[in-house]
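To keep things simple, chains are lettered A, B, C, D, E, F, G and H as they appear, and every chain counts its residues starting from 1.
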Amino acid sequence: MTEVVFDFDRAGRIGLDEAVFCAGKSPAQLAFILDQAQARKAGLLLTRLDETLARELPERHRAALDCCPVSRTAFFGPLRPVAVRGAVAVVAAGTTDAPVAREAARTLRHAGVEATLIVDVGVAGLWRLMERIEEIRNFPVVIAVAGMDAALASVLGGLTASTLICVPTSIGYGAAEGGRTALNAMLASCAPGLVVTNIDSGYGAASAALRVIGQARRLAGIVGGDRAG
Amino acid sequence: MTEVVFDFDRAGRIGLDEAVFCAGKSPAQLAFILDQAQARKAGLLLTRLDETLARELPERHRAALDCCPVSRTAFFGPLRPVAVRGAVAVVAAGTTDAPVAREAARTLRHAGVEATLIVDVGVAGLWRLMERIEEIRNFPVVIAVAGMDAALASVLGGLTASTLICVPTSIGYGAAEGGRTALNAMLASCAPGLVVTNIDSGYGAASAALRVIGQARRLAGIVGGDRAG
Amino acid sequence: MTEVVFDFDRAGRIGLDEAVFCAGKSPAQLAFILDQAQARKAGLLLTRLDETLARELPERHRAALDCCPVSRTAFFGPLRPVAVRGAVAVVAAGTTDAPVAREAARTLRHAGVEATLIVDVGVAGLWRLMERIEEIRNFPVVIAVAGMDAALASVLGGLTASTLICVPTSIGYGAAEGGRTALNAMLASCAPGLVVTNIDSGYGAASAALRVIGQARRLAGIVGGDRAG
Amino acid sequence: MTEVVFDFDRAGRIGLDEAVFCAGKSPAQLAFILDQAQARKAGLLLTRLDETLARELPERHRAALDCCPVSRTAFFGPLRPVAVRGAVAVVAAGTTDAPVAREAARTLRHAGVEATLIVDVGVAGLWRLMERIEEIRNFPVVIAVAGMDAALASVLGGLTASTLICVPTSIGYGAAEGGRTALNAMLASCAPGLVVTNIDSGYGAASAALRVIGQARRLAGIVGGDRAG
Amino acid sequence: MTEVVFDFDRAGRIGLDEAVFCAGKSPAQLAFILDQAQARKAGLLLTRLDETLARELPERHRAALDCCPVSRTAFFGPLRPVAVRGAVAVVAAGTTDAPVAREAARTLRHAGVEATLIVDVGVAGLWRLMERIEEIRNFPVVIAVAGMDAALASVLGGLTASTLICVPTSIGYGAAEGGRTALNAMLASCAPGLVVTNIDSGYGAASAALRVIGQARRLAGIVGGDRAG
Amino acid sequence: MTEVVFDFDRAGRIGLDEAVFCAGKSPAQLAFILDQAQARKAGLLLTRLDETLARELPERHRAALDCCPVSRTAFFGPLRPVAVRGAVAVVAAGTTDAPVAREAARTLRHAGVEATLIVDVGVAGLWRLMERIEEIRNFPVVIAVAGMDAALASVLGGLTASTLICVPTSIGYGAAEGGRTALNAMLASCAPGLVVTNIDSGYGAASAALRVIGQARRLAGIVGGDRAG
Amino acid sequence: MTEVVFDFDRAGRIGLDEAVFCAGKSPAQLAFILDQAQARKAGLLLTRLDETLARELPERHRAALDCCPVSRTAFFGPLRPVAVRGAVAVVAAGTTDAPVAREAARTLRHAGVEATLIVDVGVAGLWRLMERIEEIRNFPVVIAVAGMDAALASVLGGLTASTLICVPTSIGYGAAEGGRTALNAMLASCAPGLVVTNIDSGYGAASAALRVIGQARRLAGIVGGDRAG
Amino acid sequence: MTEVVFDFDRAGRIGLDEAVFCAGKSPAQLAFILDQAQARKAGLLLTRLDETLARELPERHRAALDCCPVSRTAFFGPLRPVAVRGAVAVVAAGTTDAPVAREAARTLRHAGVEATLIVDVGVAGLWRLMERIEEIRNFPVVIAVAGMDAALASVLGGLTASTLICVPTSIGYGAAEGGRTALNAMLASCAPGLVVTNIDSGYGAASAALRVIGQARRLAGIVGGDRAG
């Protein structure tokens, strides 16, 4: 099993724990990683963990997993306590975007950041978004999750000053092109300053948010007293 | 010049005049068509008429052209009077979408329909759209012109009951993909009942609006008294 | 189940009921929506309802479903009576386009509009279309459903003055590119004034037709007496 | 100039003369080929010959060129007499398809085959095609030239038993995708037995027709007396 | 079952029987067509007939099917005798191209034309092709079937004067792009006069060959005595 | 000139000034906007300002422009003083990426943020990056600009904890696909937490950085004292 | 079974044994090839051999197979001894790239070349690569296997003088586009002299390495004494 | 001019000189690099040097340039003598591929390797290739340059044991897709062990050949006496 060289020191280097992307890994490869983590008493985040794969893990590992079937994530081993609240909102356009939104929220939770989840506020019924826009504006970081036309991202971009991390989802059919249309629409948004992650990558958006949070005090020190968000 | 078989009877068949798509036509081909039209005393709409091509036409034709350089359209010969007012709004997201919006308005005008043009109401500054949304709702037919993320179309689709004909434009760069992203976003819109034309086809959207207008009395007769828009 | 914020007031706002797009929804999410609808005594249209998903619904919901397996649609709860007849024809090129055509017809029926279905009139055997073209011309609104080369749309566009809403289907293989070729061919049609919906979106085409129907009386009032379709 | 190894014996091998595709060739390379041809007293067909390039040729070559600016073809040196008439019709959907149609006709003429050109019979005005369909059916080989939706090809395919060689053109914009849509629509046609060449390749279609013509007597001998077209 | 309007008169119009493309059809739709054919005592060709679908047909139809599992074709009902031999070779690059090659051969056989099948002569081992090239040259019509790089088509195009109908196959992975690369390579071939059908369309290639064969005597009469292949 | 509705209040709403994207605007449209700005004594950032367009502006406007030809940006009117230093590094892979990097730096400067520019540190000569990596790590926000394979982004992502905003550039040819490859590589990066903007959008990356800076003090207040970057 | 013409003499012609690509082959076709090989006492390499297919082979063949399930390769019959050691390193970015890396190593082993496998050294944790870079530099030929952004290839290209054969893998999702992004990034690499094979083609990379190895002595003789790597 | 950090030590690290890719560089940037090179008395290779850019260089640089207009390359300053002959053949399919083939040959020459250029041997006239195949087989390294269908690469791959580096060119139109088809066809070749560079990258292919040559003696030492090419 020398094919796995896990990067346990990543957090020390870039402030982010390495997570285990489970899709495409065999049960043996995954068990090898979990054994290493247990030996180090390290907590791990698992993403894209299909139930089939989870069931093929040894019993000693399955018992230590805290699984979320909607987002296909799992916490393995010790979980750090929540240290940050009120920093991040995860806003999703539709019900079917929930798995991606939850992957983001769970990734944040694993790093000790509790996010607020706001789902089904797509712009086809703009009132749903408008009812909650003031609440959303209160979060310095907003993760916007949307598929199909991804119009939610542009509308949010024009209504809030928050850091806005956009996640296109593969929801939809035909011209949605498996998320490529949402991705392109977010990149080509008429609203300024949106940034985008890979399709369906709730994990990537959460990691980006963690970079922003991790630098906040340093950046605030540089920005100084003459500027407020 | 037997290569041109102009369809002068189109209006009798499908209620739409044939227009002359000038791009790719030689001055000689175009002059041949204009001569035929003059002989029949028929008015013609010219689209995609570049200034270079217009200048190479014989003087007898240039004098009979009423050109709009922004939309690259021209009216040739007699122009029918305005017969319909208040039926169609052409709503464009940005200033750079104006050529396409004007092509739609000019095509409608050539058919005797005066449209109202509302430009620069993209959703990056949602207040601009909201200031005019009541006015827009008053039109039974709305042509929405937008490039890049085309979020205007989805927002309009959720706010108005009008027939909504969407025109993606080739405005933008990179992920805008020459209008393909706007096209796909309109097709995959989360708002229901939007219909879409080819990229930059203000002419196509106007023609679709003319089909709707041309059938209005017949359709109203079928729908009868128990249903109002 | 706070992830579902159903838009029950959509009809009041844009004249269209919200429908439930079932693909990607879990049985629990769907049941939650149906419970809400039952509590409001609202009728609902369900689209893309796979049999597997339908079978996993609670018995109290299954009994209230009127399913069409060909189109994968279902009516849930009270169904409004037919109020409009003779306004819409749904014309499909081939037998394999029937599921999409039926999705359109069922969506219209849910809104009280009875459409006429004309299937297998593709242009490879032009006589099949020509035998019924006079009948088709009688409908103010025509929904054209076709895959592969989608030539039916262009031929119809040249033969009828009706409002022509085109639905590309994902029928075909190889160069049909899952409906992308039909979509592009309809958008780039040589016939004027066609409008297009997403691939396989019978629901979208019907919704567009309902916008046209809903505005007919208002539009007829504007157009006035000097113009007939 | 050793970089040119002209295939003067191609006709002996496959029944087709090598033609000179001029795009991308320098005046020096082209002059080198023409000199070789003159030395052998061989006639040559030049395709994609831009006026700029033609003007940069030596006077001794320019004088021997019979140019057609519409199709950008030229005959160089001796031209064989017409040997075949009535075998091939070149049918083009629109006026702007004429350059490609003429490239096909000129390629055939260079090989001694006189084709009949029928232009501007696209299906948006189906009557134009129907007026000439009996004439078209008389040709054993039909080359169909069309851009945009290319619906002409499918309609012809359903109405004639002729060998049908389809040439997509790069005419159109947006969803026409530079001819890719026409190409795909022809390949995915609902009519059986169409064959297709590269986009804008009038030369390719004519070469295919020459293969069919060159084999006609041999094939007729095999097919024998019990089968007539 | 009014959704099926079978084109039984196609042969009289264009010289080709309508075949039944089974993919996407339900057992009921297929049985309806077969019943119609039996009532007319017409023989039918079925293509893309998966074993699963075949097994779901009524016993009265299954007994009348002559199935070829490799090509997924079936003959239904009376089969006409072989009338033409030696006219067509079907040449395939690799073993995995055999299903498409056999679909072509079976389609020809259904129309009374017996083709010669030559498989596994791809250019990676050029000697395999060279051993049989003289034999191939004897056929007035050659159908070339190849996937991946499709180099066989170009090599054949340079070595034979026959009518050359090319079928790209979806064989291969990665850059083969499901047959799109083979399709494009055939269309962009450096050899002149190749024509191409849809990906995997053995049926289409055979239909094109039947058009050529059906016109052979008429064309030979026009070409006359001064020209031989 | 009612087609321009400038969003002068954007900064109050989302903390970002509206900039003027000049590509596609006419001199008249641009002059109209500049006049409005002058009337309000507002400073403006102009992007994608080609020299040709700049020269066609009225003299009263040209004199008030501070142009940077490399990045095609201009400051118009009063420029706010620098308020933030040491917060942002703009790191570019190659010399040809400099225009995009400078567009980012100029956008930041217009908002009062002075960025440090580090150019030509692509990974083909990894020592160039390694010589400066400690310097780069000192910036809480890093904008990474790279074309072609965009490997710089992934390497930076693995070496620094900073917020990492990636800008793909259209540099390169062939498989670089106009920046699409760099875009996709950044999105699919093996390093976690990268976010991406549109191709060549230095302006977009700077706007995103301004969102992060604008929220820094608020976010630092939430994160509190127990967490440092 | 005349559809298989195995190229047993390939090694004599180009120095490479023909391997059997099993995907898409039927058990009967595969058994036919294995019988031929047994009759010649030739050893064979099988690639893309799914377990399902392997199980359907006759017992006489299954017993002679040495299978590797990770890489889906098998050795059939006699295996030549290892003749070359220390010439090739196979370097893979991540654990999930191991199947492709092993296909390369197994192909080399079948030809008598023992490769060194180095896995999970992707650049997200650059230290993993740097720990082994001196070891990698010792190999004259390096096969680099990577998916997603494929940044490993560019970094290796800048750090080693070895012949560098790059294999993109289909690992990843969304913007990874099934390996197309890794392929393009390798082709557009900022490091010079990388060469690339098809996606997931460990076999292709090994074959290319065997070409280099097979020519080494001849090439060294030409290069002579004045040049060392 | 701090934006240029030239990698003058590249040769010491990876055995390849850094070349200057001139497209997209300004005259000032290029002059800066040339000054640095002159100061170090280093010879430089310039690629993609358009005549316009060359003319804008200072006279002191222009005089030191040895330009090849066909390949748009230039040698600047001292040129090393030829050290290797007979190692590399550059084989191009058509006359229009010559610029790319010459870029490869010039890059090799700059590194002291004299290549043999063999042009216009595409497979449409297979005799041209067959006349020279024995000569080609004599080279341990073959660079194959081809556009359109790129069939030359596959045919060469089946006929020679040499290391085969393939360069797709952007020659052709329509389905040639700017070189993408040639690229894909080379990657998906039915012949084993081909490797591929970016489209039009003669420089890349030459660099890869230099890697092979640079490792030849080391590799020959490993391979030892029991193996000959």
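By our rule, contacts are C-beta pairs under 8 Å (C-beta built on N, C-alpha and C of every residue); 3 or more make two chains touch, one makes a residue touch a chain.
These numbers were taken from a predicted model, which means no experiment stands behind them.
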item	value
Both-way neighbours, i.e. chains that touch chain G and touch chain D	E, H
Pair in E-G, A-F or C-E that repeats B-C, with over half of contact pairs matching by residue number	A-F
Taking each chain's C-alpha mean as its centre, the one farthest from chain G	B
A-F or B-D - the one linked by more C-beta pairs in contact	A-F
Approximate Å spacing (C-alpha centroids) for the pair chain A, chain B	43
Gap in Å, rounded to a whole number, between the CA centres of chain C and chain A	36
Separation of chain B from chain G, taking each centre as the mean of its C-alpha atoms, in whole Å	57
Per-residue multi-chain contacts in chain D, two or more chains	13, 18, 124-125, 157-159, 174-176, 183, 187-188, 191-192, 198-199
Pairs of chains found to touch, sorted by chain label	A-B, A-C, A-F, A-G, B-C, B-D, B-F, C-D, C-E, D-E, D-H, E-G, E-H, F-G, F-H, G-H
Chain D residues within the chain E interface of the complex	13-16, 18-19, 83-87, 140-141, 157-165, 183, 187-188, 191-199, 203-205, 207-208, 210-220, 222-224, 226-229
Chain B-facing residues of chain D, complex	70, 92, 95-96, 98, 117, 119-121, 124-125, 127-128, 171, 173-176
Chain A residues within the chain B interface of the complex	93-94, 122-126, 148-151, 153-155, 157-159, 172, 174-177, 180-192
Footprint of chain D on chain B - complex, ascending	2-5, 7, 9-10, 13, 18, 21, 23-26, 29, 168, 170, 179, 183, 198-201
